[in-house]
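The chains carry the letters A, B, C and D, assigned in the order they are written, with residues numbered from 1 in each.
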Amino acid sequence: SSAEPAAAPVRAGAAITPRTGGTLRAVFTGGGATESLDPFAGGSPVDLVRHDVVFDSLFTFRGNELAPALAESAVPAANGRSFLLKLREGVVWHDGSKFTARDVLASFQYMSAPQRPYPSELSAYFDFSAAKVVDELTLSVPTRQAVGDPALLLAAFPAKIVKSGVTATKAIGTGPYRVEAFAAGRETRLKKFEQYWNGPAYADEIVLTSLTDPQAKVNAVLTGQSDYTADIPYTSAKTGANSNDLEIRTAGDLGRVGFGFVLNATKAPFRDPRARKAVRLGIDRQALVDSVLLGYGRPGNDLFGAGSKYFDAREPLARNVDEARKLVRAAGIEGATVTFRTAEYEIGYNASTQLVAEQLKDIGLTVKADVVGVPEFFDVKALGQTDGIVFSIGAIPLLVAYTRLAAYPTLGLPDNQLRAAVSTALASTDEKQRQRAWVSVQTVMADRGNTVVWGLADTLSLARKNVAGVEVRGQAKYPYLGKAGLA
Amino acid sequence: MTPLLQATDLTLVAGARPIVERVSFALAAGEAVAITGASGSGKTSLAMAILGHLREGVTHTGGSVVVDGLASLPVPPPGLRGGLIGYVGQDPGSSLNPYARIGKTLLQATGRRVARRERAGVVAALLDRVGLPDLGTRYPHQLSGGQQQRVVMAAALARDPRLLVLDEPTTALDLVAKAEVVAELRRRSVEGVALLWITHDLGSVRSVVDRVIVMDGGRVVEDGPVADVLDRPVSSAAKHLLTSACTTASTTVTGPPVLRAAGIVAAYGRHAPVLTDVGLDVRAGECLAVLGASGVGKSTLARTLAGLHRPSAGTLMLQGESLAWDIHRRSRAQRAAVQLVGQNPAEALHPRQTVRTALERPLVRLRALPQSEYAGEVKLLLDAVRLPAELADRLPGELSGGQRQRVALARALAARPEVIVCDEITSALDTVTQSDVLRMLTELRAELGLAIVLITHDPEVAATVSDRLLVLTGGRVTRTGPTAELLPPSESPEQRVRHLLANS
Amino acid sequence: MTTAHPVLRHVAGRLVTSLCLLAGLSFLVFVGVELLPGDPVSSRLGPTATPERIATIRAELGLDRPVLTRYGEWLGGVLHGDLGTSSIGQPVTTLLSSRIGNSALLAGLAIAFLVPLSLGFGVLAAWRRGRTADRVISSGSLLLVSLPEFVVAGFLVLVLAVTLRLLPAVSLVPAGSSPLARPSVLVLPVLSLLLVGLAYATRVIRAAAATTLRAPYIEFLRLSGRSEAEVIRTAVVPSVLPVAVQVWLLTGVSMVGGAVLVEKVFGYPGIGELLVTSVQTGDLPVVQALVLILGAATLTVLVLADLAIIALTPRLRTGGAA
Amino acid sequence: MKRLRGWAVTGGWTVFAVVLVVILVGPMIAPHTATHPVGPPFSLPSGNALLGTDHLGRDVLSRLLHGGRPLLVTSLAAALGGTLAGTLAGLLAALASSGRRWLEPVLMRPLDAIAAVPPILLLLLCLTVMPNRTGLILAVAITSAPLSARVARAAAAQVTGRAHVENAIARGESWTWLLGREILPLVAGPLLADLGVRFVAAVYLVAAAGFLGLSTSDSDWGLLIVEALPGAALQPWALLMPVAGVALLAVAANLSSDRLAHRSRGLLA
């Protein structure tokens, strides 16, 4: 049957290493005219890919582990109310000048200014206005609340370091590539920066192309106009590549995105934990994976953050319609109608809502899909009135995932034990204690939580076989190309 | 010698009704033949068949037409039209391409490329042949009826065809213009061009044609040398046609005028005025004839009175009360009171509405008649204009030219007007029908006090039916007075016109 | 006395009316976009933003002030040639400048082919009414009309680009150059736009020409021996032009701002997609500027279209209808 | 040849009738519901699903059978409404050029203003004020009215000066008669062609509205097409069948309206 994938996707060019030289052409989803060279302005995948190779962060992820980048360490004070940031020596900017602590201080202030279209959320944790330069390569930064692992936050939120006193749109960074030409919504040409602190990159040149239509991205590679594209639709993957030269790759376990729903636990019927549990038991995870993800993924265990550190990889619940019906009856909501809010914010949101609505008919719940347009999806007022909302979270640190959910009054779970455990996980400077806190958080969520994560979706890319060195650091949709090139 | 044109047993039917029945005749090269016959006798249908064309709804069921050895039916051979046969249709108003200027139409009619520099000259020369000034830059709708007709004639002559098929080509022409056209055709005939000339006006073709064919009910009832047929007709149809009957004693009507216009100045766009200070009045039961050369502004005057053309100055009174120039500002009674029968009957009828609809609408809009009486009234109206009742359910395209003209007249009568403005309403009618219609109008004058403004180029008609006369020259009224004084019965038509125009 | 005079007066009057319309329109749209669901700030920040932050940023951007005040400021800016700043901080003028040219190029090319082709096919079909040529053209155009442009575009890409590799699948235009520098990237987008517009224009022109062909003067022209080519050229074509021009001009206008799907499928840098994304993300300054520019262009074209009716209809041209 | 033409026309009517019947009784004869998955997604035609399944494993045939009615109700209503309103305005404007000159700008300027707003914006604005089927019909109708109006006016301008129209005006005929009986029959051809195109455009605008979260039904044919597009290579039937449905409807409607125009000599030229 056509439900089987055409060919199992391969792991990203693991066996081959890139050679030095050549031009790598890659296509990513663009943001049209809203693209920007300013790392705190452009927010589309192609922007993020570009920011990643032009600018550096203080810390980054390698897989789900933290790795130092422009910073060497961030040592918190014992009470967690400040930390000392030690910077790397010998880093130079694209214009040849030396990188210093003053640049970092200026960047902190720039990124947290509310005029930025995407101001960094770090200012919720750190008091950048009171940060001080200690010496050429050291800063001291006070925090607004106790933070046990500041490096994690500095890596998790966008915190690219821009040069002090230079407009960010000039795109002078410290990264492995510098901008040669840029046209919003069309193309960026990047040239290798020979003085990169981590050793020069492989490809001499990278051409990033922006397209918005998923099929167009695939076509660009199929017809040889480009070498690589990430985040291709499952239908394209299933159709397969038309040449032996190309392959479909998967980002692997760490690059999966959790797809699911968040139930509104602040009002009936999902105020009742039995009702929430009934939904978890009522859905058919495998069917959803087979339909919405066309089999490219695996069932989820209702917890967000798969692939990140501290994740509780327990077994998914099996579908149990009888049990679910019993719970529905016990909660006194048999035959009730609930609304699930959805928009095609990501491919598959509307489809999964429609399918879940069909599946929950079996347990005596009528789900009314409230399909809205993308721009109004996160309308706070509307979120408060709906009973459930379709949601997805990729492999981001649990801390970020749970703070994001808690930020919306109707998405967070009103549970004291949970709240306490999350604060501990944030504040504690002790690794063991943090780990225990995360176990506790996820136990609560698994037991009586309001998230229904039915599947972990693969992120697929289409590449010429000689494209090598594409790394996933954080989200697989916007991979890191600093080490990529042609073999 | 084989004839240039040979029709053998030609039969055309519309529906089940034959409209041309077993017609046979021949035409030698250089010969000139007139075809005449009552309105609706099949003349136009025959002419079109010679050109290899059948109107929609007409089928060719038997016989043949051979022109210069080539059969025109069912499909005309290339070169037949235009090159071999030049054609002037019965309806000049709807014959000209409304999107092309006259000059362009004429240049095309020459059938050859004319160098840019010579174009204006060629056009002027073609127009001059039919007695027209240089109207090359005008569009057809900017011409008077007579001018359109002569343009069509000029186009037919432009290519020197060997046979000219002319379908009533002089109906809209005054005597002077007609004389010019006839003279031109006589020249052609002498040069060896064969003529097939459909006409009701046998008097003026007499000097041109050699033979006359008389048609009746689709058949040829008489075919012989011109003198024989005109002077010693054998068939009853021919006898009938040739005894021009209508004579009505002109009277002097007194009383206040029904319609009185004064000081009319009318122009088209920014051109110089067509009418200057024109005034007229007409009393109940009176017939006022408006006489004037082609293009002098007669139709403009008619349209102005009817509220369809806005004059730039002038006053108008109906029954002593002021009447608005703009039709939109006239009341229902006023609209009914003044009716116009336009010059171009082909355009006056909606191509997709039956005769019945055309006649019923005025009953609906202008006369509060119960619906049950419509059918009877339609019958009466058709009868008044001598049309058979079965015509009621036909579309205008299925009527002959004279039939259309009479439908338009009947439509105007349907409104029960007090004044009827008739713009050349008898031009397409044979003498019999013409006198019938004119007699009918005269009766209406007497019975209902209908006032008539009769626009005509034919002094004969004016002399026969009108009480008073108004002569337009150069856009002004140059003579006005009782008909009997201005057109003494003792003078011949030509004399009368010369006389009239010379005095103005 | 020149005949152009009343026409000039008419045009002047129409332009003044158009300016008023444009002003009214911009106000309505300003207020209207305000009413659209979704909020510019929250839709831009996406799911990572907390409600408090959204509120702060709204205040920072001045979005909490009355609409009238903001409209007044915007209008003042426009009168000084300043179209404002987009929500990500770029001047709208620079954002639009190259894209408007690209869109106009696409539409212009499509129209340049559309005009002769639709006229040719439409008149041919009417002339051969009921015959094979008509059947082919009529059913072909009907079929094309029934297909949405994204299906047509997708099909063209599949056949001409992916399978046959004749043309580029996406319109990659190097930064800093114009699509004209690589004409091959224009072929498929132009073709897609053309096919859809062509089907429509052909149908309307066919119908108009068929009506003309039944007019008595056509019968007479034929009877007097004019060749069919002459009849078509001098009588049929002029009679369909007034209607055809409306269709061409309005199709052209809609191609400038409405080629969203085609731009998307080919990644062509035009304004159609910009408009849609700006509407969806509530980027008011960009929407405003686009509506203003497209509106001005449309109204100008409409005035031209009206003049075309007058110029191409003899009765109106000579009757001083202006 | 004549025989062949006759066949084509009969064929056109038959197809039209079949499509109409399918639309009317479709929901009753559908083997499954429009929403319930019956197999794996994108499966090709089989005994269980005669036309295969869509991206969610729902039966394409059943969705097709359920989706005809909303298509007709929404898209056809919108197209008819827009064309009617536009035509009326255009014809009136053309007619007014002889008498009431002021009427022309009153009718045409607002339509110009509408034409000057990008359709997508118009659609969104309408739907914000009236987020239901009526709003959608209204929105689509409004976007299509200006073009219809202009086509109608340009066509009518060619005939308004004719003597028979003048005569009708002179005898005080009502606007309805003047428009409906004097002018419309002579310009109906282009307007009918326009209507056909408006209908198809409406189908896809309605489908687009579905993606803005404003769908009025869950299996409108336009929606089926939009949904089937990404997987067209895997399951072409899911795309082809609704496309064929829309095309058939358009072709058949046009064939028969051509025929209608030909036959009813009293009504249409």
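The rule is simple: a residue touches a chain if its C-beta (ideal position, glycine included) is under 8 Å from a C-beta of that chain, and two chains touch if they have at least 3 such contacts.
All of these numbers come straight from a predicted model, not from anything done at the bench.
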item: Chains contacting each of subunit A and subunit B, listed by label; value: C, D
item: Maximum centroid distance from subunit D, chain identifier (CA atoms); value: B
item: Pair sharing more residue contacts (C-beta pairs) when A-D is set against A-C; value: A-C
item: Between subunit A and subunit D, centroid-to-centroid distance (C-alpha), Å; value: 44
item: Centre distance in Å when subunit A and subunit C are each reduced to the mean of their C-alpha atoms; value: 39
item: Between subunit C and subunit B, distance of the C-alpha-averaged centres to the nearest whole Å; value: 50
item: Subunit B-subunit D separation of Cα centroids, rounded to whole Å; value: 47
item: Subunit A: positions in contact with at least two other chains; value: 215, 372-373, 376
item: Residue numbers of subunit C (touch at least two other chains); value: 36-37, 154, 239, 315, 319
item: Multi-chain contact sites of subunit D, meaning residues that touch two or more partners; value: 161, 186, 269
item: In contact (per the touch rule at the top): chain pairs; value: A-C, A-D, B-C, B-D, C-D
item: Touching residues on subunit D, where the partner in the complex is subunit C; value: 5, 8, 97, 105, 108-109, 112-113, 115-121, 124-125, 128-129, 146-147, 150-151, 153-155, 157-158, 161, 186-187, 189-194, 196-197, 200, 203-204, 207, 222, 225, 229, 232, 239, 243, 246-247, 249-251, 254, 269
item: Of all residues in subunit C, those that touch subunit B in their complex; value: 1, 3, 215-217, 219-226, 230, 234-235, 238-239, 314-315, 318-320
item: Interfacial residue positions of subunit A with respect to subunit C in the complex; value: 30-34, 36, 38, 41-43, 114-115, 117-119, 121, 181-189, 209-213, 215-216, 219-220, 222-226, 242, 372-380, 391, 404, 407-409
item: Residue ranges of subunit C touching subunit A (in the complex, touch as defined); value: 36-39, 42-51, 53-54, 56-57, 60, 86-90, 95, 98-99, 154, 157, 161-162, 165, 168-170, 172-176, 264-267, 269, 273-274, 277-278, 280-283, 286
item: Touching residues on subunit B, where the partner in the complex is subunit D; value: 141, 306-308, 326-328, 332, 335-336, 340, 342, 344, 347-354, 361-362, 365-366, 395, 411, 415
